[in-house]
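For reference, the structure I am asking about is given below.
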Amino acid sequence: MSHGNNNLKEELLRISGVNPKKCMRCGKCSATCPAYDEMEYHPHQFVVMVEEGNIEPLLNSDSLYKCLTCFACVERCPRGVEPAKLVEAVRLVATRRQGANHLKPDDVPGKLDEDLPQQAIVSAFRKYTK
Amino acid sequence: MQRIGVFVCWCGSNIAGTVDVQAVSEALKLEPGVVFSTNYQYMCSQAGQQIIKDAIKEHKLTGIVVCSCSPRMHEATFRKTAAAAGLNPYMVEIANIREQCSWVHKDVPTGTEKAIILGKAAVAKVNLNAPLTPGESPVTKRALVIGGGIAGIQTALDIADAGFPVDIVEKKPTIGGKMAQLDKTFPTLDCAACILTPKMVDVAQNEKIRIFSYSEVEEVKGFVGNFDVKIKKKARYVNEDVCTGCGACTEKCPQKKVPNEFNLGMDNRRAIYIPFAQAVPKVATIDPNYCTMLKTGKCGVCSKVCTAGAIDYKQQDQIIEEKYGAIVVATGFNPISMDKFEEYAYSQSKDVITSLEFERLTNAAGPTAGKLLRPSDLEHPHTIVFVQCVGSRCENCAEKGKEYCSKICCMYTAKHAMLVRDKYPDTEVYVFYIDVRTPGKNFDEFYRRAVEEYGVHYIKGMVGKVTPEGNKLKVQASDLIMNKQVHIDADLVVLAAAIEPDKSARPLATMLTASMDTNDFFTEAHPKLRPVESPTAGVFLSGACQGPKDIPETVSQAGAAASKVIGLLAKDKLTGNPCIASPNEQMCNGCSSCERVCPYGAITYVDKEFRMPDRTTLMRRVAQVNPAVCQGCGACTVACPSGAMDLRGFASAQIIAEVDAICK
Amino acid sequence: MKVSYFPGCTLKTKAKDLDLYARKSAEVLGITLEEIENWQCCGGVFTTAKDEVATKLSSVRVLKAAKDKDQALVTVCSACHNVVKQTNSAMQNDKEFADKVNRYMGEDGGYDGSTEVYHFLELIRDVVGFDKVKEKVVNPLNGEKIAAYYGCLLLRPGKVMQMDDPENPTIIEDLIRALGGEPVIYNQRNECCGGYVVMEDPALAESKSKKITSNARSFGAERMVTACPLCKYNLEKNGSDLPVVYFTELLAQALGVKEECK
Amino acid sequence: MQVNEKKPLIVAFCCNWCSYAGADLAGNNRLAYPADVKIIRVPCSCRVNPMFILRAFQRGADGVIICGCHPGDCHYTSGNYFTRRRMAMLFSMLDYLGIEKERTRVEWVSAAEGAKFAATMNDFAEKVAALGENKRLEDLRCKR
């Protein structure tokens, strides 16, 4: 059953290089995810929903910005599905839309403290901005 | 000139769906030598075979081509058909137009075109076939069983029961295998020892059975009916015939800190030991890695306490040579190492254990005398988490885990969970599963009882991380039904480790030239129709060495393997394979090239007298092939510089005719 | 031995210690770190998107600079190491990506992924050897209980990083042992501290960091070491009651060159 | 690139114990590969005389592939080792004669590797097709 947006799905699979069909629905990605409780959609749901083409809810979800990119799900997935890459692809598709930058330069000064390494700012821009 | 008949099979729609069988039989009718060509729905059926028999008689056929499924499937069938009609069975060739044509190609024109070409190649080959008569070889009426677990035990008992002598080679000091380590068995909850140990005693007492324990197969030569095997009996430094198994030595040995492998290292044994009370043979063994006497020459306590005088520090490995007619592989399995699954903290906490370790923890003869206590502090655990599929069903099999389902874990985990709840109702038991697989008699009922009657919490989802903290194991897992991440503070975590073939299986397979799959399970001669035979004649498979199996399946396969062995040993003579090498003595110049490449030593040289054109005679050295030893690989035919050596049934001229037919 | 060295931007500002201690210790261990000229920021994150090329170019230039000198490339910061190593692996294994990159590289010439990338820890383990480090120790750590914090970037994805067993690493523990300390093995040492979301979601970062420090403390750690400025900041900011230092500081301390760095 | 419409002609020699069974398994699993591949069954890959391969090229074959058991797994213990050495020699000679390296191949396919068999044949057929027709050794006298 594939009822969703197939163009978008193809794009996500191309960007991420992930094959969601390999997933056997064991949930280990979500079991291992340190940001699980913050997420509306969990890593295993990203895999299933992308496979079904049910992608809009993901694009509009805050879950995209809760993923820590820690790769625990990639490391521990028994089927080599690499959910984090899929999350990243969805996030990119979202931020690449015009005016959809998640982090605005004007927001940055308010978030700084004296000790914050600039690495945090650089990576936040890389992750949340296009 | 041959008179060839061509028989094209439809195989229902299997072939006829993609190949125009009528066109094939018509096209092949035009080939040289073909005098008759037809097609029929099922050539292998009685009616189909009758068509072949009738045609052989009616058209005085000297050779036939059957265009059908793989020769691996029905070559033997059609050879018998030919023989029944008075035609030499080796005048039959099969064109494989099913597995290698209709099943792999999609459209009819392509399939038909290829089927015709394959048929032409077969016709070209038959044109050059010659009748062959197989030689005969005697059968040594003794069987070898490699592995002394429940599979090997059952096979040996069944063979011995039919009156044939059997030897069991077991690398451990005792037979019994994994089953001896189990506590209860699913789904009946029989005590494993209560049903296994009587069988072990039967083996020990059976006059037809010899046990070579603490021994390994070193070398296998020969072929079906005539295997020559070298068995290495490792030095156990105890005279088996004298030792009474009293155990005095094992109590007095001062070296107490040897990890006890029978209890998976959860307690210690002495350097001289009897693995468990019901061991067969019940004799002591000295572990040379720990024995002070063997390492430093100082101690000798066991020798002093042994009233039978059985200790022999000078004992050497011994090689036993024996002939066998049949070999049964029953090398079994092991749980995989948990090294690559450190997210479960196996090496970081004593309270994370494998299921086999759990068996020992609940076994009355185990390290805790059957009381369920956690290994770290010997406290009673109140919360236990079972994790299924650890290392099973993994994608990248080489690095981490196995691709297959280990089959037995769902059921033994249900058993463990149920037994815990039964004995210790104050304990909460969680089982994390991906799927619960219960396809066996009374299996699903058993699993449901665990849930419904015993209140085991089954949660669909995997455990992602186990973190030891304080005296708790923090388990982080997902509950896919609730769409929640769950956190459980557990006292004990039990990992259902995947199982894999024993490591000794791979070198053994090489010795036996028996094939293995990519997971090192032995492959069977046919996955459905010959499940207990290996593709190598005379080698049979029993138990988990062929694939994951539970005890009832293992026992039934063991019996089946035994019946195949009995069928073989009941024969006085075996008909050999007539497709063997044969030299043209006129062309042979005795150069020994063929002898050097023959893996079987089947080629020898004789001096033979030849008549020359000028009526003189000349003595020449020429090759001779021993038909009972040659297996027909053909290595010699290519090595022969003068082209004197040829292979019957696969002659150079025949293969070239096939090449020509294909390349037209 | 001379190697190319990529410090990365944070090591020039907030994490000067990490850099200085590394350079001094390297000298003692017989390694010269030659800083790459005109290096640029690695980008902070390796995006796994196959169509992101431009963001990875600065790393490719660094790799190429090392290659031009025929030297191995060494990094100290976990984040830089992760980005550079993943980029290098993509250059080796993803031909389509490599072709695109090399078209961008223009007159700089192409790069084939052949530079060897070491984290400073790997250099110590594989080139120097922990035995040799042990010989050079003048101020042993006297059995101090030290918890190594790996975080995610050093180890994952394990297939690419290939530094150590991603679930049960030993490299920092082995270093601690060589320096005379007693490593504390705790299970959260390879879990994420939430560093990347420290601006986005400080609360999440805090809860992750607390989990790690509390786990380390429960195993009796007296100090924590890390290789990542972001992890250090995050653990400290979120109230770790254990001091957090860079592994290079530990190294410099044991090798007796810590004071020279001040 | 390929303009030649003629289908390539590929002869595959498969040992009876591993690769032929692997091909059967590919069939059982319905794993498609081009019909250009025609299999000749031999008891062991070591039965393949270099002469057979030359003959195939003479007769207009565009590619020849020899499949046997994996090294160490030969049903006859050591046959595939002979194959490996013999074919290395033959292929380098063929290369010298101008038969491109891609037209010849030795591949180990076990009885369990139906998927590998199909994948190998697809890959080999594709590479051979890309090279176009093989005229180098073709003996026109053999043409009908």
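When the chains are written out, they are named A, B, C and D in that same order, and each has its own residue count from 1.
Going forward, a contact is a pair of C-beta atoms (placed from the backbone, for glycine too) under 8 Å apart; a residue touches a chain by one contact, two chains touch by 3 or more.
Source: prediction; values computed, not measured.
Engineer: Return the chains shared as contacts by subunit A and subunit B, ordered by label.
Structural biologist: Output, common partners of subunit A and subunit B: C.
Engineer: Contact counts by the stated rule: is the higher one at B-D or B-C?
Structural biologist: Between B-D and B-C, the larger count of C-beta pairs in contact belongs to B-D.
Engineer: Which integer distance in Å separates the CA centroid of subunit B from that of subunit C?
Structural biologist: Once rounded, the distance between the two centres reads 48 Å.
Engineer: On a C-alpha centroid basis, what's the spacing between subunit B and subunit D, in Å?
Structural biologist: Measuring from centre to centre gives 30 Å for this pair.
Engineer: What are the residue numbers in subunit A that touch two or more other chains?
Structural biologist: In subunit A, the residues touching two or more other chains are 72.
Engineer: Scan subunit C for residues touching two or more other chains and write them down.
Structural biologist: Answer for subunit C, listing residues that touch two or more other chains: 167, 191.
Engineer: What residues in subunit B touch two or more of the other chains?
Structural biologist: 343, 465
Engineer: Provide the full list of chain pairs in touch.
Structural biologist: A-B, A-C, B-C, B-D
Engineer: Sort out for me which residues of subunit A touch subunit C in the complex.
Structural biologist: 14-17, 34-35, 38, 65-66, 68-72, 74-75, 82, 84-85, 88-89, 92, 103, 108, 111, 113, 115-128
Engineer: Report the residues of subunit B in contact with subunit D in the complex, numbered from low to high.
Structural biologist: Those residues of subunit B that touch subunit D are 70-73, 96, 98-101, 103-106, 110-111, 113-114, 117-118, 121, 509-510, 513, 515-518, 523, 535-536, 579, 597, 599, 631-635, 637-639, 647, 650, 652, 655-656, 658-660, 662-664.
Engineer: Hey, which residues of subunit C end up touching subunit A in the complex?
Structural biologist: Residues in contact with subunit A: 8-10, 13-15, 41, 43-45, 47-52, 55, 77, 79, 151-152, 155-158, 166-167, 191-192, 194-201, 204, 208, 229-230, 233, 236-237.
Engineer: Name, in rising order, each residue of subunit B that touches subunit C in their complex.
Structural biologist: It comes out as residues 339-343, 345, 347-348, 399, 465-470.
Engineer: Taking the complex as given, what residues does subunit A use to touch subunit B?
Structural biologist: Where subunit A meets subunit B, its residues are 22, 24-33, 36-37, 42, 44-45, 72, 76-80.
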